[in-house]
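One chain, subunit A, links the two complexes that follow: it is found with subunit B in the first and with subunit C in the second.
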Partner chain A sequence: MIEAELQTLNFDIRGQICPSALLTALRELNRHRPSLKKGTVRLQFLTDNRDATITIPGAANNMGYVVEVKKEDSYYLVIVSPNLN
Partner chain B sequence: MNNPQIILIACNLLLGLAAGFIMHRSDFCIAGMFRDLFLFRSTTMLKNLLLLILTSMILFEVARRSGLLFIFPFPLLGSASVTNLLGGCLFGIGMVLAGGCVVGTLYKFGAGSVTSAFTLLGLILGSFLYSEFHPWWAGLAKQTTIFSGRVTIPQILDVDPGVIVLIFAFVGAAWLVKEVRKSGLSRPAMIDNYLQPWKASLLLSVIGLLSFAAVGMPLGITTAYAKLGAFVVNSLGPEHVAKLGYFAGQPLNYNIPHLNLALRGGAGAQLDGIALVQFPLIGGIILGAFFSAMAAREFHLHFHVPARQYVSALCGGLIMGLAARMAPACNVWHLLGGLPILGAQSILFLVGLLPGAWLGTLVLTKTVLSR
Partner chain C sequence: MSVSKAHIPSSSGTEELLAQIRRLEQEKQEILKKERSVTRYLREKIDQLLVVMGTLPLKPEELDDDTLVSLDPVGIIADSFVQVLEHLKETNEELTLAHDEVQAIFDSAGAAILVIDSQMNLQAYNLSSRDFFFPEQNDMVGRNLEEFLCPETKDECFLDKIVATKWMVEQNEFRHQGRFFHVIGTPILDRNGEISQIILVYTDITNRKKTEQSLLDAKARLHAIFNSVQAGIFLLDAKSHRIVEANEAACKLVGMTPQEIINTECHQLFCAAEKGQCPITDLGQTLDNSERLLFRKDGSTLQVLKTATTISLDGRELVLESFIDISDRKKAESALQESEQKYRSLYNAMKEGVALNRLVYDAAGKPYDYVILDANPALEEILDRPSDHILGSHASTIFGHHPVCLEIFAEVVNSGEPKAFETTIDSLGKVFHISSFSPSPGTFAAVFDDITERKRAEDEVQRLAYFDILTNLPNRALLLDRLEQALAQSTRHGEQVGILFLDIDQFKGINDTLGHSMGDDLLKIIAERLSSCIRKSDTVARVGGDEFVIILNYMANEQDASTTAEKILKVLAAPIYLNGQEIFSTASIGIAIYPADGGDCDTLLKNADTAMYQAKDSGRNTYQFYTSDMNAQALERMLLQNDLRRALDRGEFSLHYQAQINAQNGQLIGMEALLRWTHPTLGAIPPSKFIPFAEETGMILPIGRWVLETACRQNKVWQEMGLPPLRVAVNLSGRQFKIGNLAQMVAEVLQQSQLAAEFLELELTESILMESAEDTVRLLRDLKKMGVQLAIDDFGTGYSSLNYLKHFPIDRLKIDRSFVRDILKDPDDAAIAEAVIVLAHSLKIKVLAEGVETKEQLDFLLARRCDEMQGYYFSHPLCVDDFTALLQGHRQQGDVCLFQFKTPHSVKHH
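The block that comes next holds the complex of A and B.
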């Protein structure tokens, strides 16, 4: 499946001052827009900021991406994947 | 220590625990509410804050009329002056740079935020530094006081507060119905144990009421920071602290009849009425947030953060500490306590807070978070 070809880019934004989590995510989402549109990358944000688990998916959804939030041991993983439809 | 004092401490500890837990679960960051208005044109959280203020307004007035409030208005809330406006503005700048307001910093600290520890340090420093120019600032406040002797808008206009609250209640209810219909108050959460902010608003208004009825004051903690600073400097050399008149002042001076307790106190390096009320509150908020973070398996200390953010946290805290003494008092005291009883000081504080938060957001994005 196409899933296997996805390159995962990790961004560790844990512990940062608000609103750094969202601003960093927005910056990276914009920077990697070409690859996201082509469907070759997936962005993963490691955050401990609860607010970011709402705002990042909100922004990413608005841009047309697929978002998943996973709970890891002491933080959250916000995974933004290209919309492959 | 006697029984009434222990009861008061327990009371404030419980109120703090509840507030800390609730605010952590719903990420009720008031600094973020104003900041995100300017940064992202986001208004959802501000609407929830409005719900909190409206609910508190109604609850407080009903309580007052029912005789549940043994003191009204509450102590340490004075007549309006230009210092409320200026203090509010400075506070707005500081809270955005710090990444959280005074209470926000506490619950984030309890949940494991290392930058918040720097903010706390800044808060204590700033609160203490205020004492160096207190006489001049207090003079300015006195010279620019308007409607001296009157604290609330109803008092200034000589009207029954119930009339004004009723108007706000009707307009507020109409607004609320409209918002609920389009889910304007809820936030789409993708994690477990997220407390919707509207629930937090309702709970916090009840907590505010309980504090007002039991202690005589709504939630407030910033004098305690000046006191902590006084303790530290006192241990290094009491002569300096003694020279600064601010620490000798005892503005807190009232009685709690149902506890048969007389509360006296100020910002000085002594365990007094201020310490009795605010220290347990501070401790409670930190602990409440800690429990919440632990229960949600979120507690962790992350140190790998850009250096600039530590600086921003410290400076923001310092500015906030100063502003909280200048205003006087912080956003929670004014927005959750003073505003619901239409305190003129609190209205001016809010008016100053807005441009301050705007400026703080500008500085934050252009310097601290720029690439």
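The block that comes next holds the complex of A and C.
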């Protein structure tokens, strides 16, 4: 049920390399912080920068979110979900 | 920042302007320089923050300064930090909670958990460790482990092992203050791989150890029991039936070592014939309890009681077999059976009836009957009923209305004490001696001994105790009783009682001559005659062989007694015919009168007895009243008896000799030796007074021998004196005849005295001849062979038939003086004397007449051709000296006829 109510926000940050990709991701994480904390959204970042698949999960983890990285055909899908535990 | 150029100043102004421009330019440069510095600082700090965030520094080409400012990375990072910090805070809170949780678990763990550093200093511990290792103490953190928890043996410290291996080490048994622990030490290594901490977990296994120990103890105990029980025990594998374990007793019973026995199939030892029929594994029994034979190693067998059951041990199905040697018990059983058999046969064969009974009680608990549970054949016979009519029957139906002896039997059951008693069972008409005892509560056994006959016999004995069997007259006991009563009664009535003591004259002779049977018949007849002479109120009792006592009650005077005595004598005088013989019996009676002659039974009887002797002395067939001087005579008799015993030793006996004459020519042909006793105080005592005592006491034997020896010796002396040889006649007593060695004794005496046998004559009485004719004939022949002469003394007084005489080698008959005495007055006596002479002559036996005192007697006998004579007419008995003188005179006178011989002594004997 909760899963159903969860809204997925997509951010295509392909083309950006790490610091910028990270900052972009951080900015979105900061912006959606209330919803994330409430557990109503999850953010999905599309990136083609390998560094970002390390830096974004690192930072998001430090913030207490659950991060999942999926390898798609030509990019990576970094999914940041609220920690519902 | 944009620079404005709207105001241009003058030269001066220009200058000023220029200066201004320069200044501005300078300012611009300053500002640019500042701006660069700010940007650089900004980048620097952003990079620093990014690094902190865990990402790469910004690359200038990736983000130009303007974008940098517009992007506001600082803001983003700052916001992100807020989130990171917030998350950190949450995480810290969670960690704190987790720590508390861990501590709680830590403390609640049963095991003691210690955390030490590499220096063994305590960093943390839980509650259990405090309880185990340092109770009541706090602030142990920082203390060195060695101070409070060290292995009891240092060299085994397992911490050294941990330090050395840097690996988890386990110690199974760590002892501390009597407790046992299992310890696991786990090192925690730092980044450099060095030990930073060691976590020690002590699990208390004391209880487990105890349990283990008690299990070991129990096992040892079980093992000890296993081997110490008398019963043999095997454990078998249920499938293979092979023995997996055997105790010592089992080995001993089988006779095999444990090594031999293990793996043996049980069928080889037990139930050999039943392989495949094991009650437990094949027949589905859970328990087998049976007697078996145990086949021992040495081939012998043993009877055992075997118990087998299955047990599960360590998941393995086993059969537990135990067995005990019951051969002894079997023996005992068979012995018991034998004994039972023996007693059963005794029970069945015994003549006493035996019954086992159970009492029957009423509602109030009072026994009212009993049921016969068992009875032996003897009881069936006693009750005259078959056993099926007895067993289970109530006593009341068998014995009649009231069960026999119910009260006594109830008492036996009640008290448990056996009882024996006699009772008459009327319904059976029998008397029983019953022994009863109670073998178990409520029951009793009774043994019935039929004593009906015995009782009858006892009654008879009782009767016999008071009556004489032969004559049926009262005996001495009853006499005394009656006399007692008579005395008491007469005292009350002032009357007299007469006691008549009667003795049959010469009964001994009658008995000896005619035999005891006829003697008894005679006594019966006499008893009847006596009874006929008295009143009903009087008593006749037989008190001895031929002695009777008559009690005469209610006598008015002594005359009554003499009247009765005379009547008795008269009645007895009538001839008695027995077995075709005519017998004359007389009696002597002594009379004592109560109260004159004594105040009690004993005295009266004694005095009557004394009077009776007096009657005998005065010639028999008469009666005498007791007189007090008779007592003196009785006393004399008693004294004589005593003195007689010593008379021989004291030399008080002597022999007198009386001449025997040839009737035809008056020549002296012999002499009869006659015994004389000269009592030291009483003087000469006639043989008639002491010979009966000598006969009674047996003194007659030594006295008789003395007489024979003395007579033979004296005769020899006379012969040696040159006097004419004569025969000497010696009287023999019946007792001498009976001792059996008479012939030998005579031969000895003749030998000693050197007297030729022809000069000895032995005189016997008729009764001796008649007593045991066969023996006597043999003895007489022996004596005759020796050459001794034999004469029969006192002939005619006994009952011998003359016919007998021809069987005996007799030389001479001596006619008794009693016939000779009245030979001229009494035609009977004369006839007897004449007949004897004629008969003797026909048998070629000489006849000697005794007691010839007158010329008339001599003539009468001469006329009847009597051969020889003896008597006062010729010579009195003379002492040795006088007789010697007679012989010498005879010799000097040559053929002097003694018909005219005068005796030297006129002393009369007898």
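In this section, the second predicted complex is superposed on the first by the 82 of 85 C-alpha atoms of A that agree within 3 Å, B and C clash if a C-alpha of one lies under 4 Å from a C-alpha of the other, contacts with A are read in each partner's own complex, and residues count from 1 in each chain.
Quick note on the criterion: contacts are C-beta pairs under 8 Å (C-beta built on N, C-alpha and C of every residue); 3 or more make two chains touch, one makes a residue touch a chain.
Computed from a predicted structure; not experimentally measured.
Novice: With the two complexes superposed on chain A, say which partner A:Asp51 touches: subunit B (first), subunit C (second), both, or neither.
Specialist: In the superposition, A:Asp51 contacts both subunit B and subunit C.
Novice: In the overlay, answer first, second, both or neither for which of subunit B and subunit C A:Met63 touches.
Specialist: After superposition on chain A, A:Met63 lies in contact with subunit C alone.
Novice: Considering only the touch criterion stated at the top, classify A:Leu6 as touching first (subunit B), second (subunit C), both, or neither.
Specialist: In the superposed model, A:Leu6 contacts neither subunit B nor subunit C.
Novice: Between subunit B and subunit C, which makes contact with more of the residues in subunit A?
Specialist: B
Novice: Looking at the overlay, does A:Arg14 come into contact with subunit B only (first), subunit C only (second), both, or neither?
Specialist: First partner only.
Novice: Counting only touches as set out at the top, which of subunit B and subunit C does A:Asp73 meet: first, second, both, neither?
Specialist: Touch status of A:Asp73: first partner only.
Novice: Mind working out whether A:Leu29 is in touch with subunit B, subunit C, both or neither, as first, second, both or neither?
Specialist: The second partner, subunit C, only.
Novice: Quick check on the output: what are the common subunit A residues between the subunit B footprint and the subunit C footprint?
Specialist: 17-20, 22-23, 27, 51, 55, 58
Novice: Would you mind writing out the residues of subunit B in touch with subunit A in their complex?
Specialist: 27, 29, 31-32, 35-36, 39-40, 98-100, 112-115, 187-192, 194, 297-306, 309, 312-313, 365, 368-369, 371
Novice: In the complex formed with subunit B, which residues of subunit A make contact?
Specialist: For subunit A paired with subunit B, touching residues are 12, 14-20, 22-23, 27, 48, 50-51, 53-55, 57-58, 67, 69, 71, 73-76.
Novice: Inside the complex, what are the residues of subunit C that reach subunit A?
Specialist: 50, 53-59, 62-63, 71, 73, 76-77, 79-80, 83-84, 86-88, 90-91
Novice: Write out the stretch or stretches of subunit A touching subunit C in their complex.
Specialist: Listed in rising order, the residues are 17-20, 22-23, 26-27, 29-30, 33, 51, 55, 58-59, 62-64.
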